[in-house]
C-alpha cells in the first residue's frame, strides 16, 4: 500500500526499507538532506518537505512518523494537523510518553484524523528480523494499516497486535523498556560476579555461549551479550557510563503512580544514574560522616 | 558409554532417559522404590543400592549424581568414596554450593577419584530440548565424559563446556540462577504494571505473545510466561508466595564477598523473602512510628 | 503580631495555640464547625468564613494556611487572591509540591501579594517542642513574619530559617520527608532482624532504650520507636500496612529528574507500596514461572 | 574496681581513660609501645605483655579486650585461655561476629572462664559522652562488671544493658551498625538531592542546622553531618569512596538467613561497594549491550 514515512534515521530508514523491499509504495521525508540521500541511495523515493510528502499520497492517507520523542514529535503532529484531512491515519512509531500521545490523539480527532501509537521494538536488527509492535488506536485505523504491520513484523501473524485504544501502544512499549532495563542489569551483574571471581579465571564469552543453548536464562539479549563479549571480553576502552532514553524513568514513575512495587526496574534505572556520577556527593558525605563519628580516615581525591 | 545415575527424580529421571534414548548403557539408582519403578517403567535398568550400582559398571567407572544439594549430596559422596576406585569419575550434576564441591573434590582426590561439578540448567524441558551444562573438573575426566555431555546438551557442540577446574561449574550455575531471579522479577514487575493500568484493560497474554517475536525482551522465560498467562491470565488460585532454592542467596553473598554491587539480583531475592512474610514486623513498626510522630491512624489487623 | 490561621486541624490547631500562648493575636478559620469549636474551647478566636478572617486583620495582613496539600490549597489560594491586597503575606505551611507553590506564587505576585512557603516538621509534638521550619520567599516578607517563626520554632534562633526564594521551603521539606522514609525503614528492618533471631529472645524495647543513649543511631525517631515498642512490643493488632502522604514519591521523582541515585529513599517508598499489596500479581506470576520451568509446586491461595 | 584493658587504640585508649578518670584501677596492655606510651602519657598504668597484665590483677580477674575483630581477637582469646583461671571474666568489647563469639565462649567455658560480649557504640565521642553498650553473657559475670558498665555508659542507668546470653551483645551491635548504614545513606541521598537542585542554591549546612531542632529527622548523625557540612560544604578534597568494616555485610547475610526482607540496609551496603568500583564492569557491559541492540554510541574511556 501507499505510505509516507517521516524520519529516515536509524530506525525509520530501516523500516522504510523493509516496507519498500516488500513492494509497498513508500515516500520518505527527513529534514536532513543526508538522511534523504541515504534513503534514495537505497532506491527509495524521498521528498524535501512535509507538504510534498502529503501531496504524494492518495486519500485516505497513511503516514508513519519515526522521529525522536519529545518536542520534534509534537511539532510534527502540529504541522500535520493542518496538512492531513478527515479519515487520514497518522502513526507515531516512536517512543513518545503515552500521556503526550493521548493529548495528540485528542487534538487530531477534532480534525477527524486517526492517531495510532505503535510501540516499536527490535532496534537495528529489525530490518532483517522484523519488528515487535504494540499498537494502540481505533480498530478501523489499525485494520487499514494491517498490510504495513504484517510486513514490518517478523511474520504476518506474529510479533504485533492491537493492544487497545490509542495510548496503549506507547504505554506497553514503555513497560517493555522498563523490563529491558531490569533484564540487562541482571545479566550485567551476573557477568560482573563471574569476572571478579579470579580463582576460576572464567571465559565470559564461553559461559554466555553455553547459556545460550538450553539454559533458563537464554534470550536475545544474551545472544547480543555473547557477541559483545566475543568481540571485547574485558570491555576495553568502553567507559562505565550507561545512558538512558527516558522510558525507564517513565516506567518507574508509572509504577509508583499505580502503587505497584517495582524494585528491580527502579534499581536498574538508579544504577544507570549512578554510572554517570563519577563524583558522587552522597558518597563523599558518607565518607565525611564516618570520619566524624568513628575517626575513620577519608580517602583524598 | 556406561554410566550410573544416582537420583531418578524430576531432573535425574529425565537425564537418564535422554541418555538411554541415545543408546548409552544407563544403570539407575534411587533410594525410593517408586522412583525406580518409574524409571524401569520407561524401560530403564535400575538397581536397589549404591553397591549394586557400582557393581554393574565397568572400570574406570562414570557415575552421575543428581540428588538434592546439601546433606544428601554429602552423604552420597561419603558412601561413594569407599565404593569407587582410583581413576573413576563422579559427577555432581546438582546445585551444590561450590565451596562444598571444592571440599568434596579434595576428599575424593585423596582416593584418586576424579570429581566433576556440572551446573545443569534446563528444568523439566531438558529431556526434549537438552540441558545447558557448565562443567568444572580436570580436563582428562571431563574429556572422558564427553559422550555424556554431548548427548545431554541441546546439540553435541552447543550448550555445554568445561569452564575451568572443579568448583567452577557450580559457581557458574549459581550465578546463572542469580541472573534468573533478576530476569524473572523484571518480567513480573512489568506485567504487574500492565495489569494495574486499568484504563487500557490490556490482555497480558497477547502482550507476551507480541514481545516473543522481534522484541528486545524476547527470551525463553518470556515464552514460559506467555504460556502461564495463556492458561491463567489473572493468576487465579495461585498464592503470591515465591520459594527459593538457595542459589540466589549464595549469589548475593558471593557478590558482597567480591565487592561487586549487585542491586538487582539482591532485590530480586529480597522480594522473594518479602513474598513469604504476610505479617511483616517492619511494616507494623513503620505504621506505629507514623502514628507516634504524626498521629496518623494505624490500620487494625 | 496579628495573624490569621486557615485550617485548625491537628497541625494548624496546635500551631495557632503555640502562637496564642506566646501572646500573638491569632484569628482562626476552619470550614469545619467542630474544628472551630475545638479552637475556641482552647480560648482561641474563630471566624466562620475567609471573608471574616481577612476582615479581622490589620493591613498589611499576615495569613498562614495549614490545609491539606492539593486541591484544597489551590482553592484556598484562589479565594484569597481576591480577598487579600497588595503587600499582604500569605504563608503556605503545608506539604504542597514545590512546583504548585511556584505557580501559586506567580499568580499572587500579579496581585502584589507575597507568597511564602514554609515546610513544617515536628508533627503532633510541635505544640510543646516547637516546629522545624524551612522557609522560602522574598526576604522582606519572611522578615515581616519573623515574630511568628521565632515563636513557632523550638527557640527564636533555632530550627527555622529562610533557605531561599519561594518554592525552596517546600522543596527542602519534601527532601526532609524522603530522608524520613529512609530512616524509618532502616530502623524497622533492623528491629525486624532482632525480632526474628529467636535464639536470643531479645527485648526490643530494652534494645531501643540502650541505643537512645550514646549510640551512633540515637535520634528522635528512635525515641518514638522506643515508646512504641514499650507500649506494644509485638505490635499486636497493628496491620502491616504503611500509608504515605506523597512527599516520598516526589522525592524519588525529583532525584530521578536530577539524575541523583537515591536507592535507599526509593526502596523505602517501594516497601510502603508493597506493604499495601497483599495480593501481589508479580509474586503470583513468579510462582507460576517457577512452576513452568522447574515444575516447582505453587502454593494455592 | 580493678580491670585490665587489652588494646589501647582509638577506642580502647579512650575507654581506659574514662574508667581511670572515674577512679577505677586500670592496667593497660597494647603490643604497640607507641600506644602504651600514649596511655602512660595520660597518666595510665601500662604493662608490656599479657602475662604481666594478668599478673597485676587480683582474682577473680576482669579483663576487657578492645582489639580489632577477626584474627587478633581469636589469638588473644587463645592466649588468655591459658593465663586466666576459673571464675575470671573476659569481655570482648569489639565488633566480633557473634558466631565467633559463641565459639570462643564455649572454649573458655571449658576452662571455667566467663566470656562476655559487649557491643560498643559511640565512636571517638564516647570518652566524653559515654558509650552505648549491648551486653551478652551470664548474669553473674555481667553483674560483677556492673561498676565498669556504669562508668562507661552515658549515665549509670542509661545506655547499657544485658540483652541476653553470650553472643546477643555482638548480634545486637551488628544490627545497630546495619541500621547505621541505612540512616547514613538516607541522609546522604537527601543532601545530594538538595545539592543538585541548583535552581534553589541551597546552603546545606543551614538546612542541616534547621533540621537539628524540632524536625522529624533530628539525630546525632545529623548533628555530625551538620558539623561536616559546616567545615566543608562542598566536600572538597574528599574522595567518593566509602569503606565498610564488616558489620553491614553480616547484617545483610543474617537478614537473608532469617528470611527478613531488609532492602534499605542491603542497598546501603551495596552503594558502599559501588562507591569503591570506579571501573564498573557491569556498567561497561550495559553500555556494550545498548550498542549491540540499539546502535547507541558507547562513551570511550
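Read from first to last, the chains carry the letters A, B, C and D; within each, the first residue is number 1.
The rule is simple: a residue touches a chain if its C-beta (ideal position, glycine included) is under 8 Å from a C-beta of that chain, and two chains touch if they have at least 3 such contacts.
Keep in mind that this is a model prediction, so the values were computed, not measured.
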**Report entry** Contact-graph distance - origin chain A, target chain D
**Finding:** 1
Query raised in the report: Roughly how big is the turn, in degrees to the nearest 5, that lines up chain B with chain C by CA atoms?
Result: 180
Query raised in the report: What is the chain whose Cα centroid lies farthest from the Cα centroid of chain A?
Result: D
Query raised in the report: Same residues or different residues: which describes how chain B and chain D meet, taking over half shared numbers as same?
Result: same
Report summary line: For the pair chain B and chain C, the C-alpha centroid-to-centroid distance in angstrom is 48
Query raised in the report: Any idea how many Å lie between the Cα centroids of chain A and chain C?
Result: 39
Query raised in the report: Using mean CA coordinates as chain centres, what's the chain C-chain D distance in Å?
Result: 33
Report summary line: Residues of chain C that touch at least two other chains are 123, 185, 187, 189, 192, 196, 216, 221, 259-263, 267, 270-271, 274, 280, 282, 293
Requested in this report: In the complex, go through chain A and note every residue touching chain B.
Outcome: 121-123, 126, 129-134, 136, 153-155, 158-161, 163-165, 167-168, 171-172, 175-183, 185-187, 189-190, 192-194, 196-197, 199-203, 206-207, 209-222, 251, 254-255, 258-265, 267-268, 270-271
Requested in this report: Mind listing the chain A positions that touch chain D in their complex?
Outcome: 10, 123-125, 184-185, 187-189, 191-192, 195-196, 221, 224-225, 227-229, 232, 235-243, 263, 267, 271-272, 274-275, 278-296, 298-301
Report task. Report the residues of chain A in contact with chain C in the complex, numbered from low to high. Result -> 216, 249, 252-253, 256, 259-263, 266-267, 269-271, 273-274, 276-277, 280, 282, 293
